[in-house]
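One chain, subunit A, appears in both complexes that follow, with subunit B as partner in the first and subunit C in the second.
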Partner chain A sequence: MSSETKQILTTDGIPLEVSLKKAEKKNKIKAFLLVAPLLLFLVITYIFPIGDMFMRSVDDKMITNMLPKTFKAMEKWENLEELPPEEVYRSFYEDYKLLAENQQHGKLGQRLNKEKNGFNTITKKLFRQIKRKKIDESISIKEQINKLHKRWRNVEYWLAIKRTAPPYTVAKYLKGMDMYFDSDGSITQVEEDRRIHRILWLRTLEIAFFVTLFSFFMGYPIAHLLATLPMKYSNLLMICVLLPFWTSLLVRTASWMILLQQQGLVNDFFVMIGLVGDENRPEMMYNKVGTYVAMTQILLPFMVLPLYSVMKTISPSLMRAGKSLGGTPFVAFWKVYFPLTIPGIGAGCLLVFILAIGYYITPALVGGASGTLISNQIAFHMKTTLDWSFASAMGLMLLTGVLVIYWIYNKLVGVDNIKLG
Partner chain B sequence: MALPSYTETRYRIWHYIYLTICTFVFFFLIAPLFVIFPLSFNAEEFLVFSEGMKNLDPDAFSLRWYKDMIYGTKNPWGLAAKNSFIIAIFATIGSIILGTLAALGLSSRHMPYKGLIMATLISPMIVPLIISGVAIFFFMAKAGLAATHTGIVLAHIILGTPFVVITVTATLSGFDHSVTRAAASLGSNPVNTFMKITLPLILPGVISGGLFAFVTSFDEVVVVLFLAGLENTTIPIQMWTGLREQLSPTILAVATCLILLSTLILISAELLRRRSERLRGINR
Partner chain C sequence: MSKNPEFVKFDKVDKSYDGKVLVVKDLQLDIAEGEFITMLGPSGSGKTTCLMMLAGFETPTHGEILLDGNIISNIPPHKRGIGMVFQNYALFPHMTVYENLAFPLRVRKVEKDEIDKKVDKALSMVSLNGFETRMPAQLSGGQQQRVAVARALVFDPAVVLMDEPLGALDKNLRESMQYEIKHIHESIGVTVVYVTHDQSEALTMSNRIAVFNDGKVQQLSNPAELYEKPVNSFVAEFIGENNTFNGEIVDIDKDKCKVKLANSEILANPISVKSKGEKTTVSLRPERALINPSEKMDNMFTGKIEEVIYHGDHTRVRLNLLGSSEFILKVPNSTSNLELKVSQDINIGWNSIDARALDPK
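Here is the complex of A and B:
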């Protein structure tokens, strides 16, 4: 028998398998071409810049490029207990002279000063000597530099220069965790009373956690009510969830600022029912109370909507079956209904937690000094101190945290359960 | 939700506690929005209910803050509103076009690496805004688009497309592809099929995604704070500055207008959702 029976041919004589594969490939390309514009746009304007953030956060090339000869010479500096050899001094002098000619020496001084206090003074001293041409290149440079200031005779300062040699550094990440490289290169914690970043991280986590918890305990009952009520009532009540959802975040924050102020309606109410005296109205804004109340109300719809869409799919007959089999309503709820709502709980908690952890508008407005979260700090370094590499480092630490949470969630529940209303 | 007549007393009590909790939560959600409304008509400069307002004295109410919002000489609200609308409209159009195309591709059976691509496309929704803000700022600064309308529009397209992708993919999941094949077999070219058959059917999903994109852009403040110069000020930026410095009744007048706008958007979103459910044959 010939091969004709083994292979089915299309009308134009090409085997069907080949022809199908060709069509399949064409469809693949077609589908991909539809996605391509958005994918390309996002990769260029969004994904690459996040990569750029990473490069900035570890970048330490400035000083590597400023002192090329010095770092090369330092490779031969073996006994780190003693001052470096003449060659290192000479290379440093040559590098520095070049920088001084290009008016770049100031930057170097500032950068080294960050590494070890007191550098700025001694580099300026060296600069004045070079400018006055007081340094004789024909004799030992080491001796001349050492004579300038006693700090040049201190090996710690030369070690500090050596530490800046690698083009990349994790120093910004350490700073974000209140740690730094000690003069001998080991990682050390900053003094107890200066650990501000750790407080911010903990506070951010604490607020995100409690806001998620409050939203869950408030959102679960109303999602259940909305899912079990007849359509005509639930549609009406749904407005109470959807109107805040669609309303501007700043508008909602403004309304809480009015409600929670000392002469505000909430305090009026407390005075009216006799909970507090008129003279000592409690401060409810510019502290954590305000942050919790406002953020919970603002993020609550993000908890209710996923819960509702899951609960809507649970048949009421399941609860009836549970009860008819002898369970009390509590047992029926706990053993039958609650486990079925777990995907909704997961989606709601994930959404609220991730939104809360990156929040800063509301805490900044109603939280006062205790409302500063990690995002505020990032914005502060972006806009005020202009330490963009530090802002990038902290942003990426936050992003890593969010991605880990997202990954855990995806493993436990699956991302496909996220729905919008 | 009436309880059956055989319910035991303790479950009755539980039921009423549950209803009380629900009432409280609904009140907690909606009540704050209604505080702004009367206070924006306050005749005085303070942000508390005056004695006159409590007694419903007509003299205690006035439209002066609305006048101030529109005609106030030093007020930036006119420029801010103009900018906000221009930016939001262009960002919405951009998000709809890019998002719908991508959703069409993603819904195809033949799409390779679907999970990875979907994750990339919706990542701006998951990444905290402040990080998106920093990253987008770095890009716009390099591209020379910081402090321009174009830059802000592009930034808002980034933030808005995930919503369009999600809603349109959801609409397409119930889409009967045999109708497009029928159109093709009758000799229609793909573009014509899309315009005449697919688009009308998925339109509710497209528009509701567009509404999300519009609101995201119109309400966005974190990224704009990095990108905007004085010329690009938007309503959220003005509100943010105003709330930080001095909470004035003019802000409440603006807030009232914004609540009215969100009510309009809510109604349209709700109508669209129902229409889309009808079209997909989901009748519950």
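Here is the complex of A and C:
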């Protein structure tokens, strides 16, 4: 017994366990050094930008820095039903004067106007008074400001200023869901005719879902053929699947535009065979139809390849066994073959859905007004309105959506079951 | 119940895949009910093709296959009611052992209680009770094999086909499975068509063996006859070990002939030779030639030992005899063993009845 419990030593007297750990540690460091460049690359190009995006989306420091004294004074404003005390007025006046001297007052006016309509007019009025030095600092500022405009006497405007005090806000996220903080600070939906984002989210989900479905129904037979045909035919078919994959996305989308436009090849063909009259050629582009057709074609390889790699591993003798045991070809397919392809179906659907949900170029070019997706809206705010914080917020909402789908998928199918090849 | 001697019948069956080469040529084969028949042959000899045609996965190019008197060439595989054990078991990897066995019963709409009973019976036949909930991947190779056998038998098929089922097992397991399959066959009396390229497997298990070569059945007989009385030199070569002499008939009568070799003459048993001047290959089993025979034998020669290999239960001796240095002797390991040394001269004798003069190679 004692020989078993005795510590085993290597030839140079170091305990075996210690020496083994040393050797393994070296290997671990080597392995880490090998992946370190990639890790660094990922941190710089992925983790940092996402972090930055998040900061941008909730950042509201601009106004906090513009009105430091006001917000400090507002901490002592207790009865929120009445106008704030003189001290708040005085601090606001001092802050605003400083901004006016630095030509920053315009920005404040715009920002406050976003919070509550009508601020722009009354801040400009205040600016003119300050410029003309009409404000006497030795008497009550509150009374002088209140005299300028009736809105200054409305407590809601002061409450609006108070709401902008925190340096961080989720207002952009609410806006992404067509909601906002109303004057008493509660979350409210925008009027029904202005709820554009919700429509876009639903449409994005709908298009991603149907594109996944179409890709699946088209990709499954192709993948099956690829996996079962003799080598010389399957190679040819594989090239047919991959050829579009190697062609530029823009070129493919543009060629769909040529095909689908009203004077395009598909419509010409329909007119030629007499399916539709020449004067009422259907619109197949700049709407959902165009988005569906082009996106399905472009994303099809992402469905076919994982399916193919799974089907390739299924032995043909399993189907034969199913048949020889008395199953009809359909039963053998449904009970034996199909369940074995589920890992590939999962991988393909997840891949296509996630790609489709954030798709940009194709819907932008062929989608028109009714075929654009949330990604187009994000790009619009990035490039046109320059509201980067709102674009960031929507980008993060999209990312969260994808993670949620991934989580649901993991619960249902199990990520370990995914096979990408 | 009288046994139908033509339960399965291959009637003049031809099969070609490419329209140029016949893989199966004019096959005529009757299989009796309850028989264990083995199709034995080298790879590419057409034996698996025959099995696939019987199972329905290939169609004959010409000719008919009959099962119990009915032509089955146009019946799809799932309606033939033939059980099959595949080379790599083909167990459904996503089903438990129970589900695998229940599959053929469920597609036949058998009642749940009945399924339970039959699965239980089939599992006890291969002594795998208690493995119902295991997945195939959790079983050893031998256990998977037994599940495959049980699955092929669970729906009481009239015929069970086995396509080299023991090929993937190691030697010991293969031997014990051979006996197990043989015993299952004996106890339930199902007709078994078994395909293998392993001759010892065929000899151990079968009632009859059909030796395939080049798309044709070379010989169809029981194991003993196949070994003792091969009808041509392919069968003699393929089954067991064999010493051969190539020569020409110089004299022939009813049960003896004289064969002229390069520089000597031997007496042999004429099997497929008819007349003087014919070329022949004489085949002699190694264990039929004796060293220093005590009784008089009609072939007596002296040879020189080239090599001695100890095999435990016997010793293999390679001799230079009658101008060939490939003559093999098997000396059983017994107490009265001789000293055998390389380059020693010894006397060898055999009876002409054991030396079969067959078609020339």
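Convention: the second predicted complex is superposed on the first by the 404 of 421 C-alpha atoms of A that agree within 3 Å, B and C clash if a C-alpha of one lies under 4 Å from a C-alpha of the other, contacts with A are read in each partner's own complex, and residues count from 1 in each chain.
Everything that follows uses one rule, which is that a contact is a pair of C-beta atoms (placed from the backbone, for glycine too) under 8 Å apart; a residue touches a chain by one contact, two chains touch by 3 or more.
As the structure is a prediction and not an experimental result, all values here were calculated from the model.
Enquirer: Tell me which partner A:329 touches in the superposition: subunit B (first), subunit C (second), both or neither.
Expert: After superposing on A, A:329 lies in contact with both subunit B and subunit C.
Enquirer: In the superposed arrangement, does A:340 touch subunit B (first), subunit C (second), both or neither?
Expert: Touch status of A:340: second partner only.
Enquirer: On subunit A, which partner touches more residues: subunit B or subunit C?
Expert: Tallying touched residues of subunit A, the top partner is B.
Enquirer: Would you check which partner chain A:321 touches, where first means subunit B only, second means subunit C only, and both and neither mean what they say?
Expert: Only subunit C; A:321 stays clear of subunit B.
Enquirer: So, does A:9 touch the first partner subunit B, the second partner subunit C, both, or neither?
Expert: In the superposed model, A:9 contacts neither subunit B nor subunit C.
Enquirer: So which bits of subunit A does subunit B touch that subunit C touches too?
Expert: Residues common to the subunit A contacts of subunit C and of subunit B are 329, listed in rising order.
Enquirer: Mind listing the subunit B positions that touch subunit A in their complex?
Expert: Interface residues on subunit B, with respect to subunit A: 1, 11, 14, 18-19, 21-22, 25-26, 28-30, 32-33, 35-36, 39, 47-49, 98-99, 101-102, 104-106, 108-112, 117, 119-121, 123-124, 126-139, 154-155, 157-158, 161, 163, 165-167, 170, 212, 215, 218-219, 221-222, 225-226, 236, 239-240, 243-244, 247, 251-252, 255, 258-259, 262-263, 265-266, 269-270, 273, 284.
Enquirer: Can you tell me which positions in subunit C touch subunit A when the two form their complex?
Expert: Those residues of subunit C that touch subunit A are 55-57, 76-84, 86-88, 90-94, 103-104, 107-108, 151-152, 155, 161.
Enquirer: Touching subunit C in the complex: which residues of subunit A?
Expert: Counting only subunit A, the residues touching subunit C are 315, 317-318, 320-329, 331-332, 335-336, 339-340.
Enquirer: Which stretch or stretches of subunit A touch subunit B in the complex?
Expert: Contact set of subunit A toward subunit B: 24, 27-28, 30-39, 41-50, 52-53, 56, 218-219, 221-222, 225, 228-229, 231, 237, 239-244, 246-259, 261, 263-265, 297, 300-301, 312, 329, 354-355, 357-358, 360-361, 364-365, 375, 378-379, 382-383, 388, 391-392, 395-396, 398-399, 402, 406, 415, 418-421.
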